[in-house]
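Next up, some structures in structure tokens.
Here subunit A shows up in two complexes: once beside subunit B, once beside subunit C.
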Partner chain A sequence: MRTRTLALFLSAAVMSTALCGCGGQGTAGTGSDGANTSQTGGEPPANELTVGIAQDLGDSLDPFTMTAAGTREILFNVYEGLYKPDASGDFIPALAEDCAISEDALTYTFTLRDGVQFHNGTAMDAEDVVYSFNTCAATSVDSSLSAALADLVSADVVDERTVAVTLAAPNSDFLAYVSSVYVVPDDYDGQTTAPVGTGPFRFVSRSVQENVILERFDRYWGEAAKVDKVTCKIYEDGNALMTALNGGAVDLVCHLTTSQVQGLGEQYQVLEGTMNLVQALYLNNAAAPFDDVRVRQALCYAVDVDAVLDLTADGHGTKLGSSMYPAFTKYFDDSLTDLYPHDPEKARALLAEAGYPDGFSMTITVPSNYTPHVDTALVLAEQLAAVGIQAQVVEVEWNTWLTDVYQGRNFETTVVGFDAANLTANALLQRWTSGAGKNMISFQSSEYDALLEQANAITDDGDRTSLFRQAERVLAEEAANVYIQDLADMVVINKSLTGFQFYPLYVLDLSQIAWTA
Partner chain B sequence: MKKRLSGRAAGPTNWFLYLGAAITLVMAALTVLGCFWTPYDPGAMDSLSKALPPCPAHWMGTDNFGRDIFSRALQGMGATLFISLCVVAISGAAGTAIGAVTGYFGGWGDEILMRICDAITAFPSILLALVILAILGPGKWNVIGVLGILFIPSFARVARGEFARCRTLNYVKSARLMGAGPWRIMVRHILPNTAPVLLPAVSIGFNNAVLAEASMSFLGIGVGPADASLGRMLSDGQSYLLRGLPWYALCVGGTIVLLILGFSLLGEGLQRRKPAF
Partner chain C sequence: MKYLIKKLCTLIITLFILSLLAFSAFSIIGDPAASMLGTNATPEQVAQLRHELGFDRPLLVQYGDWLSGFLRGDMGTSYSYSLPVSGMVLEKLPTTFVLTLMALALNVAAAIPLGIAAARYAGGLFDRVVTVLNQVIMSIPPFFTGILLTCLFGLVFRLFTPGAFVSYAENPWGFLGYLFFPALSIAAPRTAMTVKLLRSSILEQLGQDYIRTAYSRGSSRTMALWGHALRNALIPVITFTAVSVAEMVAGSIVVEQVFSVPGIGRLLLASISSRDFPVVQAIVVILALWVAAVNLLADVLYQYADPRIRLS
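So, the complex of A and B:
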């Protein structure tokens, strides 16, 4: 029996000592940055870049069937469309030099850039573009993209350098979708394992769960990439990634949290961007008491967003007031963030007016794998308690969340973040129209529906923008949800590197990154 | 034939019993205290006192939300002990009942029930609990139910052995001759005599329950964030071990170690007492 006691004691002790071991390792790693080639100052011996990424590119490397955001992020450097997004969210001509849109906005005539080569050496022509459009329409796993391409009547070769695309109905966001139709050679079938595109980097190799290697494509049509070679090292374990950072083994890591970037070595600097998603306490507008606008507004007044940012991310993150994040500079309305200042008194008054003078009980359902959302939910529960609302945080598996909350709409409130599948206002706003299948919160507003319908019916950019902004204001004034923040996205980068750019999309543009002399 | 519980042993002083009882008493006293009073509100967040190291104002420091870890540990111990008590109560009662019936009567009922117990034991219990909770969903009562059922075989086995052994002893035979029915014999005559064997089983079962609850909460399928149990706190704390908050996980882990150490020593001490016969 003595061994039994010992075993019990040990198993309990292991719980804390095993973790001790990790702590020690981390501390030991700090300061030993001799392995870093870039530390010597001046031009590093090799013009190479090592990027730490959190997941393998394990799904498929095919431009139309790759699903993981992490895969799309890296292959953004390998594939290009006729147009491509830039860091400010505009669409700039890439493989097309120019695009003429017919009067009825149904026909897009693209003039292709001359002398574009694929990574395998063949020249791009109109046949390749048409092939890409057709393959994308047939195989794309991006539902909004395939829905947009379903309206495609035809993509035709006009001559060697001209392609005409005809739509069944006008779509003022069509260029955004065009940028997702990556152009690939029509006579190459190895895309799933060895992608061939036209981008500034060409794919060299992938070692499973180890690394992905890209090299500069010397015959790139545009401005050539600054570094010769990029190695994306895969660290699927968060602790391993931190150890690599502490040891100086990587030059660039994106998507870190504020607590992860504390206490890093001196060779790094931390850049702060945003995750490009709308984190909110999403309210089931169809369920009592959230069907009462006064209750929803009371919740908005009860929540202190600044305190949420302070408690969960040391004050980092961007406050939001509606379903739009600031990377959409054109559509983001800063004034909405202060529509509901923190005012517990007003919240209580509104609750009393709505018939809940003593508050009520509610549940906040959160997917347990997203720590930032769980943390936010915990802080919100604490803040709501101050106005008499007893909020219980219920953690569920991601799949349970998808089926019960997102598809089943069987919830009271939930904290998650919604991102935009593409660079269109519709990607964020369309989902809240009354009939939308994705309208998880069952938000009903004829005014909102009318504004979006109007916006999508016209092509004038200024008018559209103002209509979208009005729609955002409706969401905020109706207090459809308690909007919280766009989470901070911390990027750790070697101090000698320049040219990192935050995009309004989940991509990592490697082409501009360079070592400073 | 009743034997009083005492630390007296033939031979050297039973330090296991004394030390175990002392640690357990202190932890129990702290738990009771935590039900009525904690130095701070365990849920109160404060952005100004985030991630403080242990200091006179906060004995175990504060966590990433500025909550007092000592207050939360006191409360968490209550949650953990409550779950463990319920688990031991359920599995102990059911296990003893099953063990008594199967051990006393034997026969095909014994075979069936014991094979079911074997089947349950054949699975790694944490894994089985994970599967069941994945289906039922996490939550305090689900954890209690699942662990309560999973722990039945260990009690049933011990009780069965004792009842089978006592069945043929003279005092049972005498009772039977005096006309006592089987239920009376089991409850009034045999059960009290199984205490020297059952009590250590209870203390070990209690240990296992504390660890199982902590493990499951650590794996994220135990209690929700609202009922902060020790395992849940350990799970929260471990992600901050490398990021400037090591005392969080260490303090909570230490609390679990003390809890279990106390009960283990107590169980060991109970085992080492002079045998009943």
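So, the complex of A and C:
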């Protein structure tokens, strides 16, 4: 009898939970109303900014080992080097007030700015700068940066406010590398999860897959940031991001495609820049039939880049002819974009000459998480079919792409975009030298190697520029890859915000963004 | 007591095999060293990192390493986030827990009254409508229900804003409100199955001898149903509900993607694609524990529902 009562009691309990469930149901309406009112944010409730980002800062936040472009983009506001790039691509003094370069261009003497504080309250001194140079040289995941720093003879403390850096050989790009050496305190070891720098914003918190919060750093040495707080909300799903935009939940979203920015609410305006990357159909120059320059050129003639732009982005985007994008105004050679006009006849003739009169079949391996690259690959496959090349688009996961295609070089062709880790021509061009570990396409050209070597051995800016431009021409004439475009970067921003700037690098400068009255 | 020990031993063996399987799956799909370094690193740097993280050791050694840490209560550090796994998982667990609980509550709240009513008026119009609806709902998987609900209630009726998830710390009511539709899509197919099961189970009980005896003692059909048949009819339903709870956890992993709810499921999928095995291992073990705990609870519940059942 007792168990019976207990059973009754239990079923009563089950029923009451059920009823509570119904209660939850009833209040659901109010709940979602609450969510709606919290995001009718046409006007800022406070001097705060909500930025929608498409990927989580899902890697180390350490200044030297962070990898993802999306992470570097946001932490640009937290970390600074002795020099930093501005929106026009020049290097301006940041934590250094001044830099004296010796006659032989081997010694750089930096005078540090007075009164710079780290976000954790300690004062920056020469020891921190030397520590940062050494740590960066030892741990950087950017191989061109660590190679440049490997050439350092020494970084020495001269006095509390002076650091002398001695190079083994002159390096005209040295200031660009200096701007990537973020200065961090020498007695703090939590950078991987709680970064501490000197930038206009300090890192407050992150919630995995939800948000990253930054706050204005009040003791910043320079012009203070305009907003008090920035919340980067993570929308890994494209549809969720669009819904958030339609609901007005975010004030700023970068890196959208042309189709995504259509039909948005009138509180937004759309700005157009470029993504600053080289999108191409990268060809494995070591694998047949792509080891034949005629086949590579045939592919270039077969592809109609204008049609690619029209079909994937309503004509937005900038055509490229080599591994250089237009934000590098000095190095970008516009004439290369028309080296291979769309000419299927010529493509067929070249293929016949190379011994493939009936074409051949090939695979285009694309990382599936990058929709613009997948879209481009699909259009390319159609265009190649017109000259008899049967291209099959194979989508793979990003990690698989990195392991098999990038590291393993086990592929025929792939569509991706390479960006520049820093503002040097080398960041884009060094990659394709014969012996480079990053030379995914195994491009071999002694002429190209010689040009780059020459360019890096001299310091005269004009001569270097012309050598780099010649190297770009070699890439184009050898048809190392089928160069497509620098993708259009659509930015959606609340109309009441000012101060957004496009940079020639993949960064988002939040410090100048402000609400207008 | 003996029963508990036996259950516990089975559980430990299950967890052991499961975690070993999950671990070996990663040896097939590769390690995260490449994606941790990105496209500006050389193969030498990747090889060095692989060595530093110990990915070049034999699989069993790596597994042993993980296991010994886990047994000491150390779930390790996430490769991607460099955060302690325990903190990351604990932060996401309540969301998935509440989501599943809500789905269970909806399931029980809807299935029991509907099942009883369908059995009570078996063959009537109500019963026929319920049966047809059941067939339809049962055959739609939760993720598709989720997409339908998002379109209908999110975009057409605007009862909720898809993607506008708020965490429980920020706004508890908004949190529960947002989880309602995800919970509904998880609960729907299981509810339909439960209704069907309860209806047939009650009808079966109503045909038993002891019910005829009850009638002969003057019980009405209603009295026989509530007083006698229902309790016996609930036993298979309890078993089924326990299975449902396990299913709902699986369902929530999928539905979290549809509604972009940042719970365990989203974390699990993201960790799988970034090869973040310490996180995946921890989640797999937690989900297995969850299923085992629910099954244990169901066993205990039977005993109360049917005193003839003795756990041994």
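Following the convention adopted for this analysis, the second predicted complex is superposed on the first by the 439 of 517 C-alpha atoms of A that agree within 3 Å, B and C clash if a C-alpha of one lies under 4 Å from a C-alpha of the other, contacts with A are read in each partner's own complex, and residues count from 1 in each chain.
The rule is short, and it goes like this: a residue touches a chain if its C-beta (ideal position, glycine included) is under 8 Å from a C-beta of that chain, and two chains touch if they have at least 3 such contacts.
Quick caveat: nothing in here was measured; it's all calculated off a predicted structure.
Trainee: Based on the superposed arrangement, let me know which partner A:Q262 touches: subunit B (first), subunit C (second), both, or neither?
Mentor: first
Trainee: In the superposed arrangement, does A:V208 touch subunit B (first), subunit C (second), both or neither?
Mentor: Touch status of A:V208: second partner only.
Trainee: Identify the partner contact of A:Q392: answer first if only subunit B is touched, second if only subunit C is, both if each is, neither if none is.
Mentor: Only subunit B; A:Q392 stays clear of subunit C.
Trainee: Would you check which partner chain A:V157 touches, where first means subunit B only, second means subunit C only, and both and neither mean what they say?
Mentor: Neither subunit B nor subunit C is touched by A:V157.
Trainee: For A:A240, decide between first (touching subunit B), second (touching subunit C), both and neither.
Mentor: second
Trainee: Does the superposition put A:T192 against subunit B (first), subunit C (second), both, or neither?
Mentor: second
Trainee: When the two structures are laid over each other on chain A, which of subunit B and subunit C touches more residues of subunit A?
Mentor: Counting contacted residues of subunit A, the larger count belongs to C.
Trainee: Return first, second, both or neither, reflecting whether A:G437 touches subunit B, subunit C, both chains, or no partner chain.
Mentor: second
Trainee: Under the contact rule defined above, give the subunit A residues that sit at the interface with subunit B and also at the interface with subunit C.
Mentor: Common to the two interfaces on subunit A: residues 4, 11, 15, 17, 19-20, 22, 239, 397, 400.
Trainee: Quick check on the complex: what are the subunit B residues that touch subunit A?
Mentor: Per the touch definition, subunit B meets subunit A at residues 43-45, 47, 50, 64-66, 134, 137-138, 200, 204, 207-208, 211, 214, 218, 220, 224-226, 234, 238-244, 246, 249-250, 252-254, 256-257, 260-261, 264-265, 267-268, 271.
Trainee: Which residues, counting only subunit A, touch subunit B once they are in their complex?
Mentor: Those in contact with subunit B are residues 1-2, 4-5, 8-9, 11-13, 15-17, 19-20, 22-23, 26, 239, 242, 259-260, 262-263, 307, 310-312, 314, 368, 371, 374-375, 378-379, 381-382, 385, 392-397, 400.
Trainee: In the complex formed with subunit A, which residues of subunit C make contact?
Mentor: Listed in rising order, the residues are 29-30, 32, 34-46, 80-83, 88, 91-92, 102, 105-106, 108-109, 112, 154, 159-164, 166-167, 171, 173-178, 180, 231, 234, 257, 260, 262, 266-267, 270, 273-275, 301, 304-305, 307.
Trainee: Please name which positions on subunit A make contact with subunit C in the complex.
Mentor: These residues of subunit A touch subunit C: 3-4, 6-7, 10-11, 14-15, 17-22, 24-25, 27-36, 38-39, 56, 58-62, 67-68, 141-144, 192-193, 207-210, 235-237, 239-241, 243-244, 247, 249, 397-400, 402-403, 406-407, 418, 421, 436-438.
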